[in-house]
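Across the two complexes that follow, subunit A remains constant while its partner is subunit B and subsequently subunit C.
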Partner chain A sequence: MASQTSTLPGRSASWQALVSRNLLMLSCVAVLLIIILVSLIGPWFVAGDATMVRPRMRLKAPSELAWFGTDAMGRDVFALTLEGARLSLLVGFMTAVSGGLVGTAIGLITGYFRRLDGFVMRIMDAIMAIPNILFAVAVVSLLGPSLLTIVGALVFNEIPRVVRLVRSVVLSVREEPYVHAAVGMSIPARLILIRHILPSCIAPLIVQTTYIFAAAILSEAVLGFLGVGFPRGTPTWGNVVAEGRAVFLRAPWTIIAPGMVLAITVMSVNLLGDSLRDWLDPTLSRRAKVHS
Partner chain B sequence: MLRLIILRTASAVPVMLIVAVIVFLLLRLSPGDPATIMAGDAATPAEIQGLRVSMGLDQPLPLQFLAWIAGVVQGDLGQSILSRMPVSDLIADRLGPTLMLALCAIVVTVLVAVPLGALAAWRHNTWVDWVVMTLSVLGFSIPAFVVGYLLMLFFSISAGLLPVQGYVSPLVDPAAAMRHLILPSLTLALVLMALIARVTRSSLLEVLGQDFVRTAKAKGNPAFRMLWRHALPNAAVPIITVIGLGIALLISGVVVTESVFNIPGIGRLTIDAILARDYPVVQGLMLFFAFIYVGVNLLIDITYIIVDPRIRY
Partner chain C sequence: MTASSSTDVPILKISDLSVALPYGLDRAYAVEGISLSVRPREIACVVGESGSGKSVTASVVMGLLPNALRLAGGSIKLEGEEIGGAPEARMNALRGNRMAMIFQEPLTALNPVMRLGDQIAEVLALHRKEMGKTAVRKRVLELMEDVRLPSPETIYGRYPHQISGGQRQRVMIAMALAMEPALIIADEPTTALDVTTQAQILQLFRELLVKHDSAILMITHDFGVVADVADHVTVMQHGRVVESGKPDQVLGNPQHAYTRELIAAVPRLRYLPDLEPAMPMLEVKDLHLTYRQAGWIRKSQAVHALAGVSFSLAPRQTLGIVGESGSGKSTLAKAVLGFETPSSGQILFCKQDLFSLSQTALAGTRHRIQMIFQDPYSSLNPRRRIGQSLVEGPMRHGKSSAEARRRAVELLELVGLHPSSMDRFPHEFSGGQRQRLCIARALALEPDVIVADEAVSALDVTVQAQVLELFKSLQSELGFAMLFITHDLRVASNICNRIAVMSRGKIVEMGEAREIFENPQNAYTRELLAALPGSELR
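Take a look at the complex of A and B:
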């Protein structure tokens, strides 16, 4: 379903296939919009302050009063999850956008100016060789947890994949006649890159940034889980889960419930990426989806 | 061919060197001084300064880097600030559990994901395909720790079938070791299975559309034989290619899985060392992980060179 390689690829497929693909895309968008909306109107949606400590309500199982139960400090896990969605989604969004922008810039330049290519690509290989999670844990714990360090560390990890993608597009597009024509008319390189080459990169870039968005949300949760995410007490999905670790045996909902919301969100983003890929560029869907 | 192999191997050297520079700079540019940590709270400024000089931390950064890299090349990764043990010994001590875990996860992945992916391709566009692909997206999307805790909840806490956490060496008690490894390997294998099933499916789909498969079918080969003998071997190359990516997933997964199941492997060692700011250990481990990643990718490329005579750089 997610990455159909039908015998008639992309737009030429039967209209039923097109409708069902767009149906998937639309339902993913709907799920994400609901999660974003609910996280924004959360304070009105759930009575009381999410971070309020209620000692008498400690570790209560899920009920109609607290849908996801309560944590070790008596806080409503559902309210915390809603609050946490904002920062987690923000981290995902910022990582996707800045990773996409920086990676595109490097990819355009290294693909077009061939002398830089060998050196830049070796650096990209090196970054890919360093385990993502460990690099992020090291950066965040050494420089101190903040939005800047967390997003920065995650962006650094994602850049090589964007660079490789953009570079591969540039390498094929730069041999097209219209680019040769532009070079022949002595149009400056930066204009050629932006006006003539960049547009070919947009479709695969959109797909790639959705995957980065999903990966960044997961990474933030793992950072929180390992105890090096945002400062304790800041509601993010990672921190909500991290607080649940100590009481998991007595109150498994403290991890399972926010974890499931996280999984649904990431899954919607991944499926959205898959359907966007099929929709925007039929030839892309023939390749295996490669992201982590 | 030999020339190609040597060239490809040589190209791994600058990559590892850049890794070393990144890892070195990352730890030197951060606030907090190893000498201060090592000297302890009671140390006077003079003692800290003495330690700094004896550790070479007063030298310019490039000299420090050269001194460090010279040791690394000779297999000396330095000494832990906390335990004063050589970093290579620390890694060797903790490698066993991680290797066992990774090995089991890889076995589980190959045994489960390749057949599932093949099944999905063979039954393309049916509910079987749909279920396998949904599970695959789910595998990519659900955090490993949630899977780990869910498995623990069902199999250890509710059913009481398996131990909750911990690690037993197979040299001490093989049966208990296996029981302790089942849930962690499943947790670690999940994202790998998602990846391999997906790639197996898409690669096989491409092969199944080719003429020789039609011929094999027309000759009356049974479906299983057709898949196993004719289609899968031809679909193997993309599957082998993603092993490189799989190694990266495996390393990240090991860190999380070892934390969930309290396994004393190198993933836990890394997190502990980072939190304790034990710089030499962190540097050594990051280099070690990067070395494994680069090494595996190198081996994959060399395999291509040997197996496929068309490959020329």
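Take a look at the complex of A and C:
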């Protein structure tokens, strides 16, 4: 048979082929980059403090002065959305990265050292049984809202999913002859885990963390909407939407505009995760199925 | 052998068939201009090594070509009807009905969550809608009877994992026979089976041909099988037919150089003398290993994988462990390598009991027993360069990086590979080359004992012969002892000084290689020897 690597889709040499095959993935990346960039440099372009209350400007419809209109306190919704993006994206990023790291560590260890497995996995099952929003609400109301408590509360619920994923990969890879060969050479367990097992987990991990990223942004918005997220007045997407709720019938733009940005972000992240999965694991993609 | 019946019209006639490979591979055609025909009640064998195009030939007849491949020319006639490039609907009507296929691995070819009887019945239900439920059931039981499945009524309600490999292959054959097809295509049908089972299945094929009046196109790599059953042989290499004819003519008087090479590479029984008694390197004493299947509801079951195994192994000696699947030979290898903990017994390595050593002492000793596995494709970490794999072990045991790399290059040359292989990845090598790399990796640790578990079973015969030769020369140069585990008695006879025959977790007979083959004492050993395919080739 032909060598396996040359037939993998999405690894072609030419740039044009690469772009046309991964159009969806690249457009998701582009959308996310734009949102991140605009949220980072945006505040310099929007005049004045986003959170400044301007009573005379209350509930103005979108115009060239305020692209997304203004809210009940006269604040510019566009500026608030940009400010909110920073915090929301930060929460998503921190949750995804810390959840990925902690979950991978636990997953590698439980998958490899089978004596711990039963015990740790039952704890993971118990964590998964806790409704995540409920848990986050409880933690944030007990410890007070801050970036750390919110991220901590969200990460806690995501860890079991990562652990399960990594553990399942470890369980199959540890039986591969090359791992046995390493054991037979008395290579210490930590090196076996890092050199021979971890690399097989990377592809599914990247995909999983994008989903966590999207879920965390949504959860943060839900917390804000329920009034237990960041303190009122702090611009996050959840808070902006929550404050717009009261005046939704009179000024729908206060919810629609930030809601759309939130939806587009989450959708791009999820689509990015899907296309990364197809790209990294060709056996799962529809394209590969047609050919095999 | 079987006289062809009333007509001489071939059931399958392939003429000048070519199948194109996707652009950019090492050759343009998977098969190129091949012609062959299969007559009624005939077993036609297509022989060749991996990559010869023999399996592509089977799939193109069945209309199951992978999408990347394309029919480039020629004709395929099934009972006079042109089916090369026939529409999918017509092929669906023919498949299972006029032609059927039997695969190498019956476990994956059967649906694991469907009762065996229902799987056979499904074929009938698909093509004979007029048959009633009771009629179908009756026919399924008849078929099971035909393929000699014990107590068909019981097997009907079983699932694939509950029966043995040989029985699964019988179920596959029953499915293939269900519609009385004119042609059965069998792709390596006995390769995954034990020798004694293989002999029974081949016997069954011969009987069924007469009873059901069909023909078989058999794809195989094994000249022993060819010698036993073929009425007509076609030898393929690189997608072309190099030779074809009656088996006694092709095997007895091969015309083409490649055929001669293939036949010469088939391991013959050849014996190495036993060595002078010496201080044993490795001693295994009364080893027992029992797997327990604990259960809350069901009673716990105990499987005696090893039941009192003892042997000793001297430096430079090769002990062959032969036996069929389930005999405990792989468990024995795992126990010696320290991957399984025996329930009782001792493994003495240089007079030290491996199981009484502390963790640290074991880590300092364990690498002196190295292993080589069956599957060369999964034995090397696909993400690491060959150099990285070769120096990892020695560096762990105190060699400097430069020293380890220098030794790795030496070893690569010793196993017949170019030093530039150091910077390449495993997927750039063929199966035989990978097995050489695995040998180099094992030797990098300067082991005293090498455990080779079916180390040549996955290789083509010509490659197999080369690797066996390599083992022998390395052993005489480096002086390690070897535990050579195999299901193939011929291979064992070529490399082992002593042979131990295992059955059900026990060594039933052990002795000098020649003694075992020429004067077997045990009934099971005699049975194994009798089942060896291709007695003409001995």
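A few points about this structure:
Everything that follows uses one rule, which is that the second predicted complex is superposed on the first by the 261 of 292 C-alpha atoms of A that agree within 3 Å, B and C clash if a C-alpha of one lies under 4 Å from a C-alpha of the other, contacts with A are read in each partner's own complex, and residues count from 1 in each chain.
Definition applied: contacts are C-beta pairs under 8 Å (C-beta built on N, C-alpha and C of every residue); 3 or more make two chains touch, one makes a residue touch a chain.
Here the structure is a predicted model, which is why all the values come from computation and not from measurement.
When the shared chain is aligned, subunit B comes close enough to touch A:Met260, but subunit C does not. In the superposition on chain A, A:Arg195 makes contact with subunit C only, while subunit B stays out of contact range. When the two structures are aligned on the shared chain, A:Ile127 is found in touch with subunit B, with no touch to subunit C.
In the superposition on chain A, A:Met185 contacts subunit C only, with no contact to subunit B. In the superposed model, A:Glu176 makes contact with subunit C only, not with subunit B. Subunit A is touched at more residues by one of its partners, and among subunit B and subunit C that partner is B.
When the two complexes are superposed on chain A, the residues of subunit A that touch both subunit B and subunit C are 1-7, 290-292. Looking at the complex, you find that subunit B touches subunit A at residues 14-16, 18-19, 22-23, 26-27, 30-32, 125, 129-130, 133-134, 136-138, 140-146, 149-150, 152-153, 157, 164, 191, 198-199, 202-203, 205-206, 209, 238, 242, 245, 248-249, 251-252, 255-256, 259, 270-271, 274-275, 277, 282, 285-286, 289-290, 293-294.
Residues of subunit C touching subunit A in their complex: 21-22, 24-26, 50-51, 66-68, 337-339, 363-364, 366-367, 369-371, 373, 375, 378-381, 383-384, 389, 392-393, 396-397, 427-428, 438, 441-442, 445.
Those residues of subunit A that touch subunit C in the complex are listed here as 1-7, 176-178, 180-188, 195-196, 199-200, 290-292.
Taken in their complex, subunit A has these residues touching subunit B: 1-7, 122-123, 125-135, 137-139, 141-143, 214, 218, 221-222, 225-228, 241, 248-249, 252, 255-256, 259-260, 262-264, 266-267, 269-271, 274, 286-292.
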